[in-house]
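Across the two complexes that follow, chain A remains constant while its partner is chain B and subsequently chain C.
Take a look at the complex of A and B:
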């Protein structure tokens, strides 16, 4: 009887075995490996026997680096800014689409394209468009009488260039999620408001947006954790430059690990990044659950 | 809701502007891929020109771009198949057969939250030791692992909506778990599997970080091959645009064909029902 029970459990357990093996071997083990490395002086270019434990020295060292602190602040700032901008534009467009345009077919197809576009290609495409010599953006600005800047060579404009590129690629994602949320809302509330003579703006602020809270929460969670890891597009567009003006955390870690070969420091940086993300995600998930209960 | 004529005009213009903004970069890279060398370097940029396919010939001949497409296809299609198979097996095990419980679920889902960059440094060292660097295996293993948690997560929430009666009847009829999984669970989950596969495919096909570190000479994926056109001194915009188009177009066409499922997948976690 007992052996039967064990046999039955093993029969069921087999189903999760491949996943457990893969995730343990290629996520959990690398994670532990990185954690151990973050306490080592580990330079890829030097022979293995030069690797030694140095305690928290990597962590102390990276917080002394101006570039790391700046990348950290820049990444957090970019995340907040991009999420707010994309959410605001997303709400406006989604509200308009939800009641003025019945046939969403073509509009939806257009909105899916940037979302599906390969991030590296997005970076290269915008690089071509921002180009000071042949770029189409400054040409179009010229048409309406604006002298375009040398986008990618100036620190401030380069950061704005990154922002525009990300808003371009990910606002459609917000629109699609929010639109699905709005279309799923109960119609009777709207009819009641209409009978009461509420105007469009009041209906949106008093009914549509409050009812969208959970959907917005999920969208913010997804977008924020994506922007926080932003790499491919920036790496193509500016390589983090000019100087370090557009370096995000991932770019900084990539540089430290694969240009300077400081594996120890890079690992320490990625753990700081992981801790910040964990705090944010736990906070966000709690917040969303709270909204669900009320 | 009633809207006045003037408002409708303003709103329409706003939407058209937004859609133009969204479509323009994609139009631009594709149209530039058909420009001759002279037309690309021309200022002001040309909107009307005589199309040529020289850039494609150049990109294919000079950087073996068709091999890059092949490598991308092999790596992403194999990973999607493996991730969807293993992932739905695990989802069935966790959701239906009550294996592992919440502890296992948290373990799997939290692996999804990790930034790739944290794993890429150790994976590089691990795959070097396994002598798998610059092979399909390193990519397929990494992609499959990374996609797994997403597939498991989505498939568990999909299975929750599916009634259990058929499975229970099958158990009474004497079917074993594997028969139930292949004959009942997989066919029932088809809509969910399609949505999940689309996202997994996009994730693998569009990847740059894994591919740029774990491969790069014997195996070279399309995004990495496209990125190589970018050099410090001189950028061959035409062939680069052709490479970009060839990398992006399969994904875009694929998405337009399956757009209903794609939207379902996008909103699966956020919107109920």
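Take a look at the complex of A and C:
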């Protein structure tokens, strides 16, 4: 009896060990390493004996940097804006696609394509499309008599360019999640509403959206944490420019860590980002009752 | 039972963390002992793979020996075309060699970061780097590159150093130690369209409007006049262009103009002066040239895009690295073949000068390389007089650095700009800020130019902020 128990424990243990090793090695250790570094003066291109413990100096220093504060505000603003825009467009498209019509299967499949594209390729492709000399966007605008802007050289246009690119790539993600939610809703409610004479708009606002709340919560949670970490597309499209007009927190961290090699400061920035994300995620999970059964 | 399992678990986690620690910790060991290892590697041939490489190149190794991979991290662009030439020449000179070339290319914006990250890792990811002199103080200080003196002494490069101009021997030497062998040079130079500048109607019209002869500008004021004269958007012709979205061209253009205006990098006490009146004037002047004389998309252009515009015949003149001169003379690529003239940079103001910014590229050996001897054999071929010439007449932007190439009749016939280049290198050149923070300074200046073009502030406000950041970078 006792031997069986031990065997049982050992069996479980053996299966868990690889995950523990991997998590410890690739998540826990780097996390601790970065946390410790955030309290050090640590420049990658300096000899190691120049590394020293400086307490909270990195944290104080980065909050004195105008660029960091701007990047933080920009990232939060961009996150809110992108999530709202993608959610709104996502709901509209999902509602349309929830109806059966000829070719809806093809449209659903085509919608998935942007998500499948690699972020780096997306960034490079849009960069080419925004090019004032050879880009297709200004060419099309020209055809209808509009002189296109120099997209990536003007602070406002560049930020708009980033928003358009992200909305193009990630709205389909919202659509898929919301569509799955809509298709899983009970049909009898809709039938009852139609019998009572409700029009389409009222059905969507009074039945579809209220029933979608939890699904929307999950979609917002996933997208918000994605946008907050947005890096690849921006790096390929603008490198945070012009100037620092499209510099998000991750771009700032990359520039500090891997262009200026200030690893201590970059680690401190990463931890601030981590704390903000954790607060948001805990708040969001509580708000949408994600961990409670319905 | 549970307790035992818990302890086992803790031990396993500990072991796994220790294993990871030692992997990451490699950086510490390698960097701190790098210098010692380097010297040892340079002076001894008893190591494992490196021995094989040396034996191979000495043509004594049998074909049974394991191939030695020499990994080269190069700038993407023209160097891609050089790769087959290098291998061919190497095999010609070392028929029994078992060295295998492994190339990796990175664009300018990522090459610097890639070298630093690879070396900080200290795992010998690459053997040979193609590095610009701007980055060398930083890499040398960090111990990323190995001194090459002992190799040069034992197994010298063909004609070293007498067959190289002095201008390409200065910036890779620190404390008397040499860290790179030059492979590509090309100071800033003014390119202009001879068909436009020699056109009688244009000449007469220009003289009538401005009161002096149309000729390559000797001052930046003349440059502006000529740029105004040729800016004809309706005919798809612009006076000039700058490139506002390039990690190299965007800050270098400002540095070039500011220097011609007489601006300095530092005060006598070493404090940066990137917000002096001369720098402010230079940035305002550059902004005017962008706004009034460059194509609308110039702030979004990179260096290649700008060169393409000139090559397509859309610009009357512009300033760029000499290397592009070869590009403009390629029949299959260029619309301006035989129509390009070359001149010294214009002078700015009374106390200005006509100097050109000159930085050059070197081949350097990684301090963490496990194949240092083999790397040296490859560098010897890379800098061979024949490769130097091939690289130059290949026309993909290569500019050889050996006197034999610069004075070669075939090269001079194909690329007359070498005459002007020799004139620049012979007393009309200046360098970048020579500090380990140079890469960061250029990044800060790039952001400053972009901020100014985007209208984020006045030139003074932007350069005050940039100068403060540069001062901070220098003290860190």
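The rule we apply is simple: the second predicted complex is superposed on the first by the 281 of 294 C-alpha atoms of A that agree within 3 Å, B and C clash if a C-alpha of one lies under 4 Å from a C-alpha of the other, contacts with A are read in each partner's own complex, and residues count from 1 in each chain.
FYI, a residue touches a chain if its C-beta (ideal position, glycine included) is under 8 Å from a C-beta of that chain, and two chains touch if they have at least 3 such contacts.
For clarity, every value in this text was computed on a predicted model and none was experimentally measured.
Engineer: Using the touch definition from the top, say if A:151 reaches chain B (first), chain C (second), both or neither.
Structural biologist: A:151 contacts chain C only, not chain B.
Engineer: Once the structures are superposed on A, label A:133 by its partner contacts, choosing first (chain B), second (chain C), both or neither.
Structural biologist: Both: A:133 reaches chain B and chain C.
Engineer: Chain B or chain C: which reaches more residues on chain A?
Structural biologist: Chain A has more residues touched by B than by the other partner.
Engineer: Is A:224 in contact with chain B, with chain C, with both, or with neither (first, second, both, neither)?
Structural biologist: neither
Engineer: Answer with first, second, both or neither: which of chain B and chain C does A:110 touch in the superposed model?
Structural biologist: first
Engineer: Quick check on the superposed pair: does A:33 touch chain B, chain C, both, or neither? Answer first, second, both or neither.
Structural biologist: In the superposition, A:33 contacts both chain B and chain C.
Engineer: Name the contact category of A:78: first (chain B only), second (chain C only), both, or neither.
Structural biologist: Neither chain B nor chain C is touched by A:78.
Engineer: Quick one: is A:13 in contact with chain B, with chain C, with both, or with neither? Answer first, second, both or neither.
Structural biologist: Touch partners of A:13: chain B and chain C.
Engineer: Quick one: is A:258 in contact with chain B, with chain C, with both, or with neither? Answer first, second, both or neither.
Structural biologist: A:258: touches chain B and chain C.
Engineer: Is A:62 touching the first partner chain B, the second partner chain C, both, or neither of them?
Structural biologist: Neither: A:62 stays clear of chain B and chain C.
Engineer: Would you tell me the residues on chain A in contact with chain B in one complex that are also in contact with chain C in the other?
Structural biologist: Common interface on chain A, chain B vs chain C: 9, 13, 16, 20, 25-26, 28-29, 33, 131, 133, 258.
Engineer: Taking the touch rule as given, give the residues of chain B at its contact with chain A in the complex, in rising order.
Structural biologist: Those in contact with chain A are residues 1, 3, 8, 11-12, 14-15, 18-19, 21-23, 25-26, 28-29, 32, 40-45, 86-87, 89-90, 92-94, 97-100, 104, 107-108, 111, 113-123, 125-126, 141-142, 144-146, 148-149, 152, 176-177, 181, 202, 205-206, 208-209, 213, 222-224, 226-227, 229-230, 235, 237, 240-241, 244, 247-248, 251-252, 254-256, 259, 262-263, 266-267, 269-273.
Engineer: Tell me, which parts of chain A touch chain B in their complex?
Structural biologist: Residue positions touching the partner: 9, 11-16, 18-20, 22-23, 25-31, 33-34, 37, 89, 93, 96-97, 99-101, 107-122, 124-129, 131, 133-136, 139, 142, 168, 171-173, 176-177, 180-181, 184, 190, 194, 200, 203, 214-215, 218-219, 222, 225, 228-229, 231-232, 235-236, 250, 253-254, 257-258, 263, 266-267, 270-271, 273-274, 277-278, 281.
Engineer: Within their complex, state which residues of chain A touch chain C.
Structural biologist: That would be residues 5-6, 9-10, 13, 16-17, 20-21, 24-26, 28-29, 33, 43-49, 66, 130-133, 150-155, 239, 241-245, 255, 258-262 of chain A.
Engineer: Taking the complex as given, what residues does chain C use to touch chain A?
Structural biologist: Counting only chain C, the residues touching chain A are 1-2, 5, 8-9, 12-13, 16-17, 19-21, 24, 27-28, 31-32, 109, 112-113, 116-117, 120, 138-139, 141-144, 244-245, 295-297, 299-301, 305, 309, 436, 439-440, 443, 447-448, 450-451, 453-456, 465, 473, 476.
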